[in-house]
Amino acid sequence: MQLGLIGLGRMGANMAQRLVEGGHTVVGYDPNPDAVRRISRPGAVGVATLSELIKPLEPPRAVWIMVPAGEAVTETIHALLPHLSRGDILIDGGNSYYKDSIQRAKALEPRGIHFLDVGTSGGIWGLSVGYCLMIGGEEESFKRLEPAFKTLAPKEGYLYCGASGAGHFAKMIHNGIEYAMLQAYGEGFELLNASPFEFDLEKIAHLWNQGSVVRSWLLELAEGAFSKDATLEGFKGVVEDSGEGRWTVLEAVERGVPAPAIATALFRRFRSREEEAFSDKFIAALRKEFGGHEPKRK
Amino acid sequence: MQLGLIGLGRMGANMAQRLVEGGHTVVGYDPNPDAVRRISRPGAVGVATLSELIKPLEPPRAVWIMVPAGEAVTETIHALLPHLSRGDILIDGGNSYYKDSIQRAKALEPRGIHFLDVGTSGGIWGLSVGYCLMIGGEEESFKRLEPAFKTLAPKEGYLYCGASGAGHFAKMIHNGIEYAMLQAYGEGFELLNASPFEFDLEKIAHLWNQGSVVRSWLLELAEGAFSKDATLEGFKGVVEDSGEGRWTVLEAVERGVPAPAIATALFRRFRSREEEAFSDKFIAALRKEFGGHEPKRK
Amino acid sequence: MQLGLIGLGRMGANMAQRLVEGGHTVVGYDPNPDAVRRISRPGAVGVATLSELIKPLEPPRAVWIMVPAGEAVTETIHALLPHLSRGDILIDGGNSYYKDSIQRAKALEPRGIHFLDVGTSGGIWGLSVGYCLMIGGEEESFKRLEPAFKTLAPKEGYLYCGASGAGHFAKMIHNGIEYAMLQAYGEGFELLNASPFEFDLEKIAHLWNQGSVVRSWLLELAEGAFSKDATLEGFKGVVEDSGEGRWTVLEAVERGVPAPAIATALFRRFRSREEEAFSDKFIAALRKEFGGHEPKRK
Amino acid sequence: MQLGLIGLGRMGANMAQRLVEGGHTVVGYDPNPDAVRRISRPGAVGVATLSELIKPLEPPRAVWIMVPAGEAVTETIHALLPHLSRGDILIDGGNSYYKDSIQRAKALEPRGIHFLDVGTSGGIWGLSVGYCLMIGGEEESFKRLEPAFKTLAPKEGYLYCGASGAGHFAKMIHNGIEYAMLQAYGEGFELLNASPFEFDLEKIAHLWNQGSVVRSWLLELAEGAFSKDATLEGFKGVVEDSGEGRWTVLEAVERGVPAPAIATALFRRFRSREEEAFSDKFIAALRKEFGGHEPKRK
């Protein structure tokens, strides 16, 4: 099928390639001319403006948006709207907050524009392995796009999850789980590393991937990481977070559902970005007050 | 090679079968006559006493112990000792505490008995998939037993981890990670289940196993669990724990290494076994004291 | 000074009494006629409508709102607005979300109505001890109301905290701390209760209030609670939460500040309200899948 | 009454002073001659050897040990033993592990030496306010020492808690609670500090001590800390821990009692002492592997 694709960064460019290799036609737009140039190949055209993007697409159109969550999505939709007509489908394949997706679908509905929210997992490996796609919105729109989903995902790697927001909700929870899994492995390897034994961490990761209960794709990646830097000495212990881990905790708080391991993982990321914690200074100061414990001073 | 095997429960019996199918000869002992009977087949002999176990084994012998951790291991070694001679190797394949294994190796050394501690992962799937084996002790003893390890484990599924205790240490950490991974998935699925959407949890688990970042063997098992009981309504929310999760937290405390996600997972298991928590009663009582908040009374 | 007071529940009625005893004049309104009747005494008049409330107040008026956070505050302000004039001051003494208070102050500003957000701690003990008041808004409005604050609070028990929202923000954090303190004591007393010793928990609470590092007002209340029910057997282990603990965690997430102990306390309250946790059923189901561990079934 | 006192550090010296001021006679020993010299005053004699300590004490003697937990206590008792006779009482007033105290009482019993374990709270404030004393051992020995306890503690500030170990157990839990309370306040003040408002933290601490729900002695100390260093900029965010927090978590693990807030507080102390966490490096490395997220490199 024919798709418009907005956002040709690492994820967008890889998806374009996979779509084209699957026999689809892609018209790609990005504000960055280099990104536009890189995408061009038989089956894929790069363009420099949104109106050029729309022109070659035959109605009813399908336009896939692959830009950073938040303002960028809102602005993209806003800029696109004058070019769209009834029956067109917009797909947000980024990491948007599911509540935003529900709002966007609702706002587009009176104009007859359909909206699909598609949580996309797989990272830089999606190009070769395929992307895992969690899809929310009207089922009919999902069916119209199914040929593209089939190409982007590995076998059985896409799912219609339910009403608008369901796709990004599922992706949000997926990432929340990912945070806590990474924390789980991180703690385990830190304990191995601090042990009196001299474990070869790459070998342990490889071993555990052979038939053990904790084998996983993340653990396969750990093998790769340790193979390149056995002690991880090249890395700073600073971990960024995007929005999904935060939203998962907000969801837990709003619904009254306990999520202590996911929250722990999120807060540890926050802590990793503090050179020192004010709360720790506070405790050091109070220990001096009550016990005369002389704290480390600057 | 020829092996003595003590403990023919689910794990032991499966291991015996895998060893025999791999061309080894097994003499198996269990206090339970039914277990002894079940093991017998070409290549495997079941016996009713420890002296009968020892008799057919040619020195230097290899005796694999597969009994519950703790007292049972100590008693088994104690009962075996009079029958063993210099150069024999004892293998503890159970979930023993690594500090016990270090002690046992040390205690056996003056008698010339070698001791290997072998952490064994794989559960009931080990029979078909093979067991993931983490091995500690003298490297020479490891090499003598390697033919058996090769048969028990899947390809590259066994590793000499280091000095005595290293095998059970690695298994301990493995299980600590497992606790936190299960908690991670558990929280995620609970949030999906409490959401305003109507997710099909089996389908989500299956979907996430197709190329997503959180794909894993445990998540494959989740598919199986949801396929048998979509709402898990047949299960009580009560989770047992064996020793390894506890030991992992003890290790973290002793070494001064933070392990908040693993501890969280362990404490949630404890909590699952409390019908109600005394701490919650305490807080309810205090809220009444300061705010007049009328608590739920019995 | 003269004050209008809306909301004559437990908190409002007690505050009215304290204000009158301090020489102020109170006109109180509540939709519940019984509450209106109970408040009347020399210095306090109860009325049945908002217009009756406004009539006796001399401009510039001061109207203190003491109703549940959320919708009730919005509706009260909405109903009041037609009766107010430039220079009047509205005081929200309830547990409102600080972001709502910032919005309310901003919305009222063009009409010349001033808004103070006053976090109020002290519970049912405020009547005798005085209320601890955290105050946000314009400093000039704060000064106009200071005579009332002086009466309501114990000596030095009120503070101008800063711009609009600062009062409710401080109260929010105060309650977040309270959640984690209660959890701290709760865990400690549960451990004493589960110990091999036979501690008299009332006596321990009383003892710790004599010169120990953990002495506090909450611990004094614990003495009272244990004196009435030594084993707390009359209480169900179910703990409600109002909004502030949740908002504190939301704030931590939004600001990227770790708050693991407060989040732990909040999630334990959530957990106390689940008869059993779906996450625990999930883990029980998976343990059966990989280890054949027979779970508790219903 | 007459007491021997071993260990004249900050705590020991202050206790000696309080005992003498209460009319008791103290013979004090410390290996440090300066400490011995400082203690001497009417009613207190400092000595340089253990035999000099014993000589002036009339049997049955009472010897109070105030040395660091662990080896120092064991060695002190070992060195004392030849000098003691049946009916003498040893008191361990330090922060010993309650399991050690149970063992020590048991080991001394056949020689007719009584042993009291006395958890002592109050820090450097004990001299003026009195020490909060939690006492375990035989009740008869407790009664013999009661005159000294009465002097050391504030009114009602000592308690016979039960059999040997009960005193140090209560102190252990007391400190576990203290860890979590400090963490609670620390998180709260960090959130205030990171807020968009400009809170004066000393004033907030002072305010909250006036009638609020979270008022406490620790919060009074916080006023003092902020008054000396409003931003705590002179402190490094590094927090030491002694043994009791660790033992509290070990106890929770051994008994199967959840203690998530106390464990959180302990692990945060561990984390404060890591310049960067290996687990964070691990997560940064894996994020690079799956998402190409460029980590901070050294």
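Here the chain labels run A, B, C and D in written order, and each chain numbers its own residues starting at 1.
In this section, a residue touches a chain if its C-beta (ideal position, glycine included) is under 8 Å from a C-beta of that chain, and two chains touch if they have at least 3 such contacts.
These figures come from a predicted structure and were not determined experimentally.
Asks: With chain centres set to the mean of the C-alpha atoms, which chain is at the far end from subunit B?
Replies: C
Asks: Out of A-C and A-D, which chain pair has the most contact pairs?
Replies: A-D
Asks: Could you give the separation in Å between the centres of subunit C and subunit D, each centre being the mean of its C-alpha atoms?
Replies: 34
Asks: Centre to centre, by mean C-alpha position, how many angstrom separate subunit A and subunit D?
Replies: Once rounded, the distance between the two centres reads 48 Å.
Asks: Take the average of all CA coordinates in subunit A, do the same for subunit C, and state the distance between these two points in whole angstrom.
Replies: Taking the average C-alpha coordinate of subunit A and of subunit C, the gap between them is 39 Å.
Asks: Please output the residue numbers of subunit B that touch at least 2 other chains, ranges allowed.
Replies: 123, 125, 183, 185, 187, 190, 194, 213, 218, 252, 257-260, 264, 268, 271, 274, 277, 279, 290
Asks: Please classify the inter-chain touch graph. Allowed labels: line, ring, star, complete, other.
Replies: complete
Asks: In their shared complex, at which residues does subunit C touch subunit B?
Replies: 10, 123-125, 182-183, 185-187, 189-190, 193-194, 218, 221-222, 224-225, 229, 232-240, 260, 268-269, 271-272, 274, 276-293, 295-298
Asks: For subunit C, which residues count as touching subunit A in their complex?
Replies: Result: residues 213, 246, 249-250, 252-254, 256-260, 263-264, 266-268, 270-271, 273-274, 277, 279, 290 of subunit C touch subunit A.
Asks: Can you list the subunit B residues touching subunit A in their complex?
Replies: Per the stated touch rule, the residues are 121-123, 125-126, 129-132, 134, 136, 153-159, 161-163, 165-166, 169-170, 173-181, 183-185, 187-188, 190-192, 194-195, 197-199, 203-204, 206-208, 210-219, 248, 251-252, 255, 257-262, 264-265, 268.
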